[in-house]
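In order of appearance the chains are A, B, C and D, and numbering begins at 1 in each one.
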């Protein structure tokens, strides 16, 4: 029972917040709604018995990614700029007026229905456990899997994280002065 | 009570919301938000299938890797965004076309 | 013996029949509401006493008397403060982001209060016994950073903005040494739950993890200093540095919203001290296994953990009124150049110790068989 | 005692690491260099003592250590082993080298104090000593050759140590080039042995000699030459170069340009000893090649010739240099007459007293700041300790009974006399014996002359005498001299007080030297039982009990030639030889006494009497002139010019220039090909890329969302395809 309650609240939180991310204009608010959606997904993980994944989700997204995004939004002004040369409008129908929105929505609907059909077909073709009630701690088994079957992606992801760390530090580092030759080139123009 | 199809439905909604965010927003940070949503929908799928179909923990492992990759992507992506903003004073995606063919 | 508070009550016959007669949905909702109420009341009390303790102890350290009007020795000052805060006008800055401005204090409080779901006050006195309790506590407490940042941003004030940025970056940075220090304990304990950490710390203080090996001894101080920074306490209280930023991220807040921020801070300090006591100082364990398996033992355990936590709480306040505040660059230097390498060293050292000495503590090695 | 690599290798490695460490220290911490060097050699000395005590302590057994490791391995046919080989001779040699070198190092800290290149001197000394120790430890000719060449380099550096002096520079080049002549032949000999035996380690060579592998002959320049004779001559030529024997002795006197301690090291303990040591190691080869008469001849000529030149020298160090050549001649003579262990004993005794002599000379030179004997005189009042030490050594080298020189040299002379008179070999050996005895007459004379001129009489240059400091007992000046002079007593080597074997000395067992050091030819079969073992932690020392447990002097001929059984003759020869040499020495010393102390006989009278000869002596028998004017100017230079003509006139003009014309033509052809064919092809690719780019660039809009839309449309098409069509 408690699980069902948790599922319902989490699902509502997830869907509602994710739609809000799309709907709201203010980017800062969108980030906060994303936070809500991510917490909801963590709740969904919890209902699936994925305790470690759920807490990792909160740890990484709440403690790291969302704060980074908030920072980025704040540092870049947080506004959706109006493009000076709106080329997309002429290229893609979904980007401009009401008719184009309508066409875009219809395409999306077709796509959505196709996907739904695919999912339902898939569900019919595989054997699905209807009710799985027992939960078991996953941490130890996850740890063993990470250093046995999945050790290569595990090590690769450590390399990836190191690269991301160094890369982010280098990219975002404030540079003191522009190189001499650039200034000289500007003087020529 | 709530089976696999519920989770797949939520995941599908997340996926399309993510695509819509990417398509409709002009701000690079907002596009990154959409990417996060899409990644999470995939991760949710993995865990759901792991719970209801395969009954092992491989799906959890993939979710963990998706989270790791999302974190790395966010760090580098936002660093690039901030740097780009410092140089061009905008993060409008349509303005970023210096490498246009 | 029970594991959680709900089970504790469940062993009484009347409660059991009452619960079994009700709709499961109703029971679930009631349990959630009851647990929330319990935690909120307890935490509010802790936070309130935190403020009064801070004022009394600082007064003592500065040879003053401190609050002494309300109640005996000013002990009811917290009630007066609470009433004052609730009854004050809730001012909202004109250009603020209203949605975020309202949301921020709640996120903060939510982050702190959620940690109490797993905190063990005794062998049966915990809301839940999650098998990844320590990890959960670490994860959920990082919500406080979001709350602080949003509060600072939403106020649309330069001081608040700076305070919020400082707070968020400080919390993100200091999470690393703190997490690494905790991980070294996890390595020794072999589990992510509080129970597994506490299981091997029973008995006299020589079993505590702080005395387990030299690395954990250093690790305790790394954890404690990092925790001070994470809770924005002096000497790391840059987000609310009153000499530079008026009052930091909650400059624009008034009334109960300000009160919520303050409450969150004091509760977080309490949790920090509690976690330090649990991970390093033996937690609720009673020496020599007295009264094992009885209800009085649970109350004694509750007293034990409370005494340890409050002792550390006193140290935190003592530190605040003793040390001057750091500069921002010094703050980052301490985190990245000292605490993080030390924490990594401790982690590696603990892992090596685990392999080399089969996880035995120093006392076991010297005096054991 | 267990032998592992850990307790043998430090003998070589300690000085070598001292050298390596000093290379690093010389710029950063120059004050440590001398200490590191001395420490290194002392460590080696301690290890050498350990080995020597173990080897010589048990008199009736013969140990050896033979351990190898594979240096490099190029398949079955070409595999080179390196290793160590220590037998009794090697153990004694190690003890001598490390002991003498330690004392020389200690002395150097006094002698070289304040020198401009003080640190560099110790650098070279360490490398030099380690090379010598490596040579002694080597188990094969190839590693001997390697260390041999390292020593050649070090001697070059040490002789030219004061390279500001033009003469020192020339002397170093001369020493290097002269020894190089011998080295070339040495290498040739190694190759000949390799060709025959397939291995160059000593034990294999001994086995091959015993198995008669050298019986074959090879055609060399149209002559049929015995292989053993060829290899033996080549290796002996190496000895001639290194040990300064008769045709190639010219470098050694010039080598006195180096600092005196380095002269002591080169001329006493290490380099010149290495030559003789090599000949001793290869003794069975010499016997198999029937070379002993040649060796004896060269030894005799060197011993006598050098002694004559030494008589008229006025330079203190020059006298010692010629005496070194002369004594080396005696050692070679000893090898030539089959007196194997006497030659080795003379090598050891000579190393001790010659090192002492050179160090004493260094002490004198450092005190009076001149090397010319006519400017000295009467120094015994100022340099008491040096005087005592030097007299001990002089008596030793002169062959006075009780002292060590008598023990060793007298045996060589006795054997020479025996081969000349009693061995029934005709008069082939008469000339070397005669020259040996003549040299024995001259040796005490020139040595005593040197002593009388330096220390006795009145000071001839009062100014120099007054400025010389009085000598006090100093740990790094005269204590090494006194230690060395103690070991000039014969009893340490023969075990009897007089050296004649009648009165046994305390402590030292009688005739231990003869018992332990035994000619390989005496029992060649025993080497077939020697085994190589890889380096490891196990004790690989073999304990081989000698068949003759007590030394039998009658069997000691060491000579594998015909009729070695004439025991009476041998005995008689030794007694006669001993008596003759004692008389000769007495006469010689008395003559010197009369000439230079009493002045009864005027040396000038002799100079006048033999004026032509004296001129020849002053010009060192015109060897330098012959080499430079005749061999180099007339022979090598002409040949050189001819080769230059072939190279420049013929080869350059026709082959190189002709090829240049051919390649010029080829170049023109290929340039045409390059310009027309290749370039156009490359351009065509460029045009292709340009065209393709014009088409493809349209897709690169730079608008992320368009990319994404394309992506989504593709995904939709794919989904539809999979669901409804497939």
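In this section, a contact is a pair of C-beta atoms (placed from the backbone, for glycine too) under 8 Å apart; a residue touches a chain by one contact, two chains touch by 3 or more.
For clarity, every value in this text was computed on a predicted model and none was experimentally measured.
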{"item": "Chain occupying the most central position, where position means C-alpha average", "value": "D"}
{"item": "Between the pairs A-B and B-D, the one where more C-beta pairs touch", "value": "A-B"}
{"item": "Approximate Å spacing (C-alpha centroids) for the pair chain A, chain B", "value": "3"}
{"item": "Inter-chain centre distance, chain A versus chain D - centres from mean C-alpha coordinates, in Å", "value": "81"}
{"item": "In chain B, residues with contacts to at least two other chains", "value": "23, 94"}
{"item": "Residue list for chain D, restricted to those that touch at least two other chains", "value": "701, 703, 705, 709, 712"}
{"item": "Set of chain C residues in contact with two or more other chains", "value": "none"}
{"item": "Contact pairs between chains, per stated definition", "value": "A-B, A-C, A-D, B-D"}
{"item": "Complex contacts: residues of chain C adjacent to chain A", "value": "24-25, 27-29, 31-32, 97, 99-100, 103, 130-132, 135-136, 138-140, 142-143, 145-146, 149-150, 153, 161, 165, 168-169, 172, 175, 192"}
{"item": "Chain D-touching residues of chain B, taken from the complex the two chains share", "value": "19, 22-23, 31, 93-94, 96-101"}
{"item": "List of chain A residues in touch with chain B within their complex", "value": "3-4, 7, 11, 14-15, 18-19, 21-22, 27, 30-31, 34, 37-38, 41, 44-45, 47-50, 52-53, 56-57, 60-61, 64-65, 68-69, 71-73, 75-77, 79-81, 83-88, 94-95, 108, 112, 115-116, 119-120, 123, 126-132, 138, 141-142, 145-146, 149-150, 153, 157, 160-161, 163-165, 167-169, 171-172, 174"}
{"item": "Contacting residues of chain A [partner chain C, same complex]", "value": "1-2, 5, 26, 28-29, 32, 35, 51-52, 55-56, 58-59, 62-64, 66-67, 70-71, 74, 137, 139"}
{"item": "Touching residues on chain D, where the partner in the complex is chain A", "value": "701, 703, 705-706, 709, 712, 716, 719-720, 722-723"}
